[in-house]
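For reference, chains read A, B, C, D and E in written order, and residue numbers begin at 1 within each chain.
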Amino acid sequence: MKNIIEYVWLVPLFPLVGFLLNGLLRNSLSKSLTGIIGSGSILASFIVSVLIFLDVKAGIDGPVIVTLFDFISFEDVSIPFAFQVDQLSSLFLLIITGIGFLIHVYSVAYMHEENSSHFARYFAYLNLFVFSMLLLVLGSNYVIMFIGWEGVGLCSYLLIGYWFKNIEYSNAARKAFVMNRIGDLGFLLAVFWLIGRIGTVNFGEVFSKVDSLSSLDLTAITMLLFIGATGKSAQIPLYTWLPDAMAGPTPVSALIHAATMVTAGIYMIARSNILYTMAPTTQTVVMVVGLATALLAATIALKQNDIKKVLAYSTVSQLGYMFIALGVGAYTGAVFHVMTHAFFKALLFLGAGSVIHAMHHEQDIRNMGGLSKKLKTTHLTFLVGCLAIAGIIPFSGFFSKDEILAAAFMKNPIVWALAAIGALMTAFYMFRLYAMTFLGKFRGTSEQEHHLHESPPAMTIPLVILAVLSFAGGLVGIPEVLMHDSHSLAKFLEPVFAESNRISVPHHPDHTTELLLMFGLMAVIAVVIFWAIGKYKKYEKTPEENTGFARILENKWYVDEIYEALIIRPVNAFGKMLGKFDNFGIDWVVNGVGRSVQYASRQIRLLQSGQVGSYVLLMVIGMIVLFALQVFLKK
Amino acid sequence: MNAIILSAILGVILMFSGIFLTSKTAIRNIATAGMALLLLANIAEQGGFLLFDVNTHNMLVFSKFGLLFNSIAFSATLLFFLVSAKDITNVGINAAEYFALIFFISCGIAIVSSFNSLLLLFLGIEIISIPLYILTGSDKRNLKSNEASLKYFLMGSFSTGIMLLGIALVYGAKASFSMEQMHSSINAGRNAWFYSGLLLVLISMLFKVSAAPFHFWTPDVYDGAPTVFTSFMATIVKAGVFIALVRLFDMSFVGSGYDWQLIIAIVTAATLFIGNITAIFQQSVKRMLAYSSIAQAGFMLFGVFSQNDFSREGIILYTLGYSLATIGIFAVLIKMKDYTFEGFNGLARTEPVLAATTTIFLLSLAGIPLTIGFFAKYFMLASAVKSGSHLWLVIFAILCAAISVYYYFRVIQSMYFKTGQAETEPVTPVFRWLLAGMAAAVIILGIFPNLVLQYLYF
Amino acid sequence: MVPVLLILIPLITGAALFAVKQEATAKSIALLATLLSLALMLAGMSGYIDAAQMTFNQPWLGGINSRFHFALDGMSQLLCLLTTLSFPIIIYSTWNNQYDDSNRFYGLVLLSQAGLLGVFMALDALLFYFFWELALIPLYFLCSRWGGERRIQVTIKFFIYTFIGSLFMLIGLIMLYFKAGGSFAWSDFLNLKMTSGQELGIFLMLAIAFAIKMPLFPFHTWQPDTYEQSPTAVTMILSAIMAKMGVFGLLRWLAPIVPSATFLWGDNFATLAVIGMLYASFIAMRQDDLKRLVAYSSIAHIGLMILAIFAPSYSGIQGAMIQMFNHGINILGMWIVVNVIEQKFGTRKISELGGLAQKAPVLTILLVIVALANIAMPLTNAFIGEFMMFNGVLGSTATKFGLAYTIAALITIILSAVYTLRMIQRVFYGETNELTSKATDISFNVKLSLAIIVVGIILIGVFPKPLLSLTSEVSADILGRMNLK
Amino acid sequence: MPINLYIFVALALFCIGVIGVLTRRNAIIIFMCIELMLNAVNLLLVAFSKMHLAEMGNAAPALANNGTDAQLFVFFIMVVAAAEVTVGLAIIVMMYRNTHSVDVNFLNRLKN
Amino acid sequence: MNITQILFWFLTVLAIGSSLMVITSRNPVYSVLSLIVTFFALSGHYILLNAQFLAIVNLIVYAGAIMVLFLFVIMLMNLNAETEPQKNKWLRFAGIIAGGCFLLVMVAALRDADSRAATAMTTYGETGLIQHLGKVLFNEYVVPFEISSVLFLSAMVGAVVLGKKE
């Protein structure tokens, strides 16, 4: 029997089959069958992924390339449709299929109100998304990665606009797609640049030829790739689509806009780590952008009242942390945070989904409160998620965030300080959210209160599993300072980042400093948490509005408005103007030629006066002219 | 020579037939048969069979080219008789005389297609012109016809005066009227007389082919003349004069060291411009066709302009294509009760065959491929490109050709795309078949122009 | 023999249809004829027919040395396949449209097919010109006779505009004819020794014809009007196939024949193409009429092909070839949808529509896929073409501005997403209104037509290899002639 | 006499004819002016005939270029002129019958 | 100045003067008469050039037949003096200018250095005699001569067609 890795194409195949079945037969399948196909296909992928992961863990000799067929080839450029299995991709396979499966299961219950045709459509989209995401991480070259890259963007578009009757939702979907597209073009340009310079896009060949690229090329390529990443991973300046993307069903937010798709940018940079290591300018840019995003999103999250919006901005903020990690060269840390973030953010979103489900699609936390009594499982798991994201030891978020902060500290203490402030804000807004939702007393309508109920097991079981993972997931990366040689993730990923690490050897702060920073920060976080809980436990609805800085934060720094005024409106006006110009400018000229011919016709016609005398006169004048010409021309 | 003598004899025969025959049909049949005979005689001469042995003292030279043209002109006339003979007899009571005059004109055409002396050119042109003055005025009760006739006559005589002055000057320089002496070195110094004389002759010929700025008579005369004669004038006669012009050029201007190309280029451009531009605004199809004939003359002038093998082939083809199409259109026009564009509205519904054939003729005039008109224009443009100078003229010509599409297609638009009840005179099935045959010829020759051109290669 | 049959089948059938009086029969005969030519084309391409039968070379005009010379190389095969594939789809998808005098309608449609096929196969310049016009005339009649309210003015403008271009081309071809020592053969046009002035003159003459036909900014203004006013079946022919005549002309009759002028003037035309792409995309964003929107988007897409040809490289040229096919079937899909909407609701105004997704889910799904292809989503056919073209433009050694062109052109990709999604949103999403609330889903013929297109889109998008190998040889050839290889 | 004098006289007469055509409205007068133009040409031809005779001398009377053909040409011009007058006056009379005028300015039904 | 020159100038002045009368006199009858005078002057020129045949034919055909025909027509139509309305002043002016320009241009075009010395043989030369002309006419010029009969035929037919009352 061949190695299971050779069958890696099965992993994306199952979701694809699921997509086709659900999509084509959506009118004839029953809901339960749809659910089984949808979830089952992901489960099958998960099982294969686990087998592959085990195989990889058991040790492979460098990345394994599985070529399916020749995709595009011209001249001497050949782009195969091939998959690459190595430590990084196998890890992502697990995250995607694992969390994906849980969310599929969760969705079966969450979406049960939809009629069967739309229900099938939902699962078809979801399966298609998983398929695209798998392509993204499995692709053995930038083009296949780009296919997945755009594919996930498409699925995100489809799922955000899932309730297409609502024009607001479809606006959000369009916004997401277009902003992603802007980033994608950067990616695409980088691909063209690579082809132009070294004639290949296959990861292995690109990385081995990295020395032949000039530093300008490297900077350009990495910057362009990073532009792609800002779009997909919602960084400044292209982050505004992600909060709006919460228009989609909550499980979608959990899967796509928290756990998987938005981390594609991190995956891509981690995959191309060697390029970035060779381009320090870009690295700095990545770090600065990541830091700025982390802080900006965190400030906005402080004042949001929509349960999903808070989580969305928190996602943006956490993604910022991952980019800080990438920017300072802590690739392992970034991947680690991707993993833990996937656990706890999926958990938080699913928890929020459970709350929303219970509240009959109420999302405003000012109308919640005291839900801990009715939604026990949800409450507990949500709390785990909050603790994890806040970075309380030994929850998973602690380890990954600590690794990033430690690396940032080594780069520059100011970066650490700013990131730490961000972490404090994270703790604050998460527990503000927690307190307003679950503590205090219920502030919604009595009808809502009457219907409050815990979600069905299909929803709670995934919550529990994710809670466990959020709690324990960090244990694969215990820092050296706490336990010697137990960072098994770093060891596992070592081959992927070996070259980068060789070029710029990662420094670790000495143990005392690290411990001091670690626990000093945690102490402050703890204080912040208690402050937040205390402050918002007794929250009462007040009619008065926020003023001053709070208002700016509530309105998200007015970034959407600025974009609207600076880009969207001028572009629309420009389009309108050009449209006018086309009709009254260019076409006027074209028609003007016709008109002037007609005008000339009207005028010249008058020469034909009907008078013999004038005819002869004109003839004589013509003769005179011809003779004059002849005399003039005579040599 | 066959054609010249026979056509004169036939003219006389028809003249007398008016006295002895009262039946218009009989006259018509005689005329048609006579024209067929004339055509046969000319074809016989092409094959080397001469009916008469006449010593012309080198005043007439019967070239292959001229004879082929004669055949084409006579076949066109035959076709014209076939589709329109009935309308000729309807113009007035003097049917036989009209046919006689047309035969005399044919005689004139045969003369100018083979003249070798300026005297014969002059006589030929006059033999063509004088009967035309009469035919133009043949609708005696119609003031428009009278007016057209008088205008044509006055201006035609004026141009005759110009031509004579030119011939006199040429004679002064070369001491001979013979075309062969045009390049003789006798009195080579008197080029100023020679060139001025040639220019004057050229101007009067340009007048006859209605080139701008000597075209002014054309719209009025074509418009005022009985439509059936307009058809004849605009096609066969004009082509005949063109052949004379080409011959004249061939034998005098070319190689004379005289830089005539610019003058011809200017005239050509002016003709194309005036013809096409003015045609746009016309409301009457007949008058539009008059202007279009000016525009077509502009294209034919390319044959004069470039003077190479392409232009000679082209002018033959152009003559054929233009005559076929124009005769066809006029044949339809005669049947229309209203000559304005509105009068054609909805013709496709009432008379689909007429509309379809007219469309094909118009496409041919516009020079659209798959019709003979395309090859006609193609050869003209190619000859100009080949001559290599004055490329701006070619560009100008194609812009004008594009303009011409506008007014030709106006007729098509009226017939097909506008609603209305176009009224026509009663149309016989034979007439329809004839038109269909002509349309088919336009297309077949448009795909295989070699059917005609091969006669020029042997 | 294959080329001759390909032309004769529609030609003869088309002419014969004028005599058929029953409308239903006429329609069926037309469909059968187009299917027959498709079958012949497929048989020819798949190798069932002897390769020698794929060319035809007989004397035509002895005196001027022009021949009936047709051949089917890779590019011709691709475009003929597009033509033969499109026509049955066009006829079948508009099966329920009612035309008066439908026998004439379908007759003219078939005649135009004959013309288009001839254009793509001719290897003799005069023959090429012949078919170039032959394709135009029936379309003029179709638009003028069965078009919208302003059809007469609009189509005469269209006709004269393109006719001017054609005549310029004719002059250019005649000049080449004399340069080639009196031959119209394409092969004789290659490797002519000309001064740069002559070459430039010929280049401009030919380029203007192609620029008007494609159309290239700023010669495009006939196009939105004509697309809008024509009956949709005709619009399909115009945009799916006839617009490709210009691009094909660039590749076959311009770039290899006057390479150094193409090289010298490449930047000018490439700049125009880029401006046109941006221009059309911006305008498309504000269009309310579906037909005009698709028309402007088509200008933008064609602009990219022009750019790829004037900033040439192997991948760009090959991409342009493939994209001709892809764009053809994609835009066909768009028009089918537009036709369905127009037939159903009697309006093409985006602002008057909405909520169709609830009433016509199948249509929506199929349209979305076509629209995704239109915005060059990966795994759709357009991605392959545009990927290669962008790559080619950036990597072109013929221009210094490859990067600027690429970036500017990439912006149109964003804009295309903006206007396409806006259209989908306004027409299909949201709540239904009075007009759309009674809508039903599409009939079987439309479903099948769109399904064929969608299958084609995805098949090529996933496995473009056949198209690539079909065009690789001819791309290399063209590039070699342009001295860029 | 110097040939230039003849040329000048002939041209003067010709141009007087032209001016007459341009300035008069009476169709008959216009026609007479055209006759005047023809006569100017006749004079020129005869003068040329004698010029060539003078240059060739009487030596070769049989040769065509001793001026004989020009005088014959004048003869033919007179023939044609006579024919033209016949037709022209017929047309004018016909016109007069219908309109009772020979004023060419009234001939403006056909224009544009 | 010998007698030939005197005669030449006399005839020239007469011809030009009377031809000017043709175009200026307001009475058509006077115009006809002036034209006849012009023709006489031209005949004088012909005689001076020893072209006796043409001189006689000119008198018989032109001054005799043709001009009498004109006179008949004018009298038939009863076109008295002052019946002809004057043309627009500007058009007349333009006509005169154009005619004058034409004369100027022609003279300019015909200036020919080589021909300054050339003269037309006056009073001598056999060519203009009827015997000589007749021989050539009926030998070499017989074809045009016959062809001109066609011209006459058509003119005759035309006159009949146009003149005949319907």
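Brief remarks follow.
FYI, a residue touches a chain if its C-beta (ideal position, glycine included) is under 8 Å from a C-beta of that chain, and two chains touch if they have at least 3 such contacts.
Here the structure is a predicted model, which is why all the values come from computation and not from measurement.
By number of C-beta pairs in contact, B-E leads over the other of B-E and A-D. When chain centres are defined as mean Cα coordinates, A lies farthest from chain D.
Put simply, the chain closest to the centre of the protein, by Cα centroids, is C.
Farthest chain from chain E (centres taken as the mean of C-alpha atoms): A.
Computed from the mean C-alpha positions, the centre of chain C lies at a distance of 65 Å from the centre of chain D.
For the pair chain A and chain C, the distance between C-alpha centroids works out to 37 Å. If you average the Cα atoms of chain A and of chain B, the two centres end up 78 Å apart. Here the spacing of chain A and chain E, counted between their Cα centres, is 102 Å.
For chain E, residues touching at least two other chains, in rising order: 87, 91, 94-95, 98-99, 102, 106, 109-110, 115, 140-141, 144, 148, 151, 154-155, 158, 162. Taken residue by residue, chain B touches two or more other chains at 119, 123, 126, 130, 133-134, 137, 140-141, 151, 154, 158, 169, 192, 195-196, 219-220, 281, 403, whereas all remaining positions touch fewer. In chain A, the residues that touch at least two other chains are 605, 608, 610, 612-613, 616-617, 620-621, 623, 627, 630. All chain pairs that touch, listed by label, are A-B, A-C, A-D, A-E, B-C, B-D, B-E, D-E. Only residues 106, 109-115, 139-144, 147-148, 150-151, 153-155, 157-158, 160-162, 164, 166 of chain E touch chain B when the two sit together in their complex.
Within the complex, the chain D residues that touch chain E are 1-9, 11-13, 15-20, 22-26, 28-29, 31-33, 35-36, 39, 42-43, 46-51, 53-55, 58, 61, 64, 66-69, 71-72, 74-76, 78-87, 89-94, 96, 102-103, 105. Those residues of chain D that touch chain A in the shared complex are 18, 21-23, 25, 30, 104-105, 107-112. Across the complex, chain A is touched by residues 151, 154-155, 158, 162, 192, 195-196, 199-200, 203, 207, 212-214, 216-217, 219-220, 259, 262-263, 266-267, 274, 277-281, 403 of chain B. Contact residues of chain C toward chain A in the complex are 157, 161, 218, 220-222, 224, 279, 282-287, 314-315, 318, 355, 357-358, 361, 372, 377-379, 384, 387-388, 390-391, 394-395, 406-407, 410-411, 413-414, 417-418, 421-422, 425, 428-431, 463-465, 468, 472, 475.
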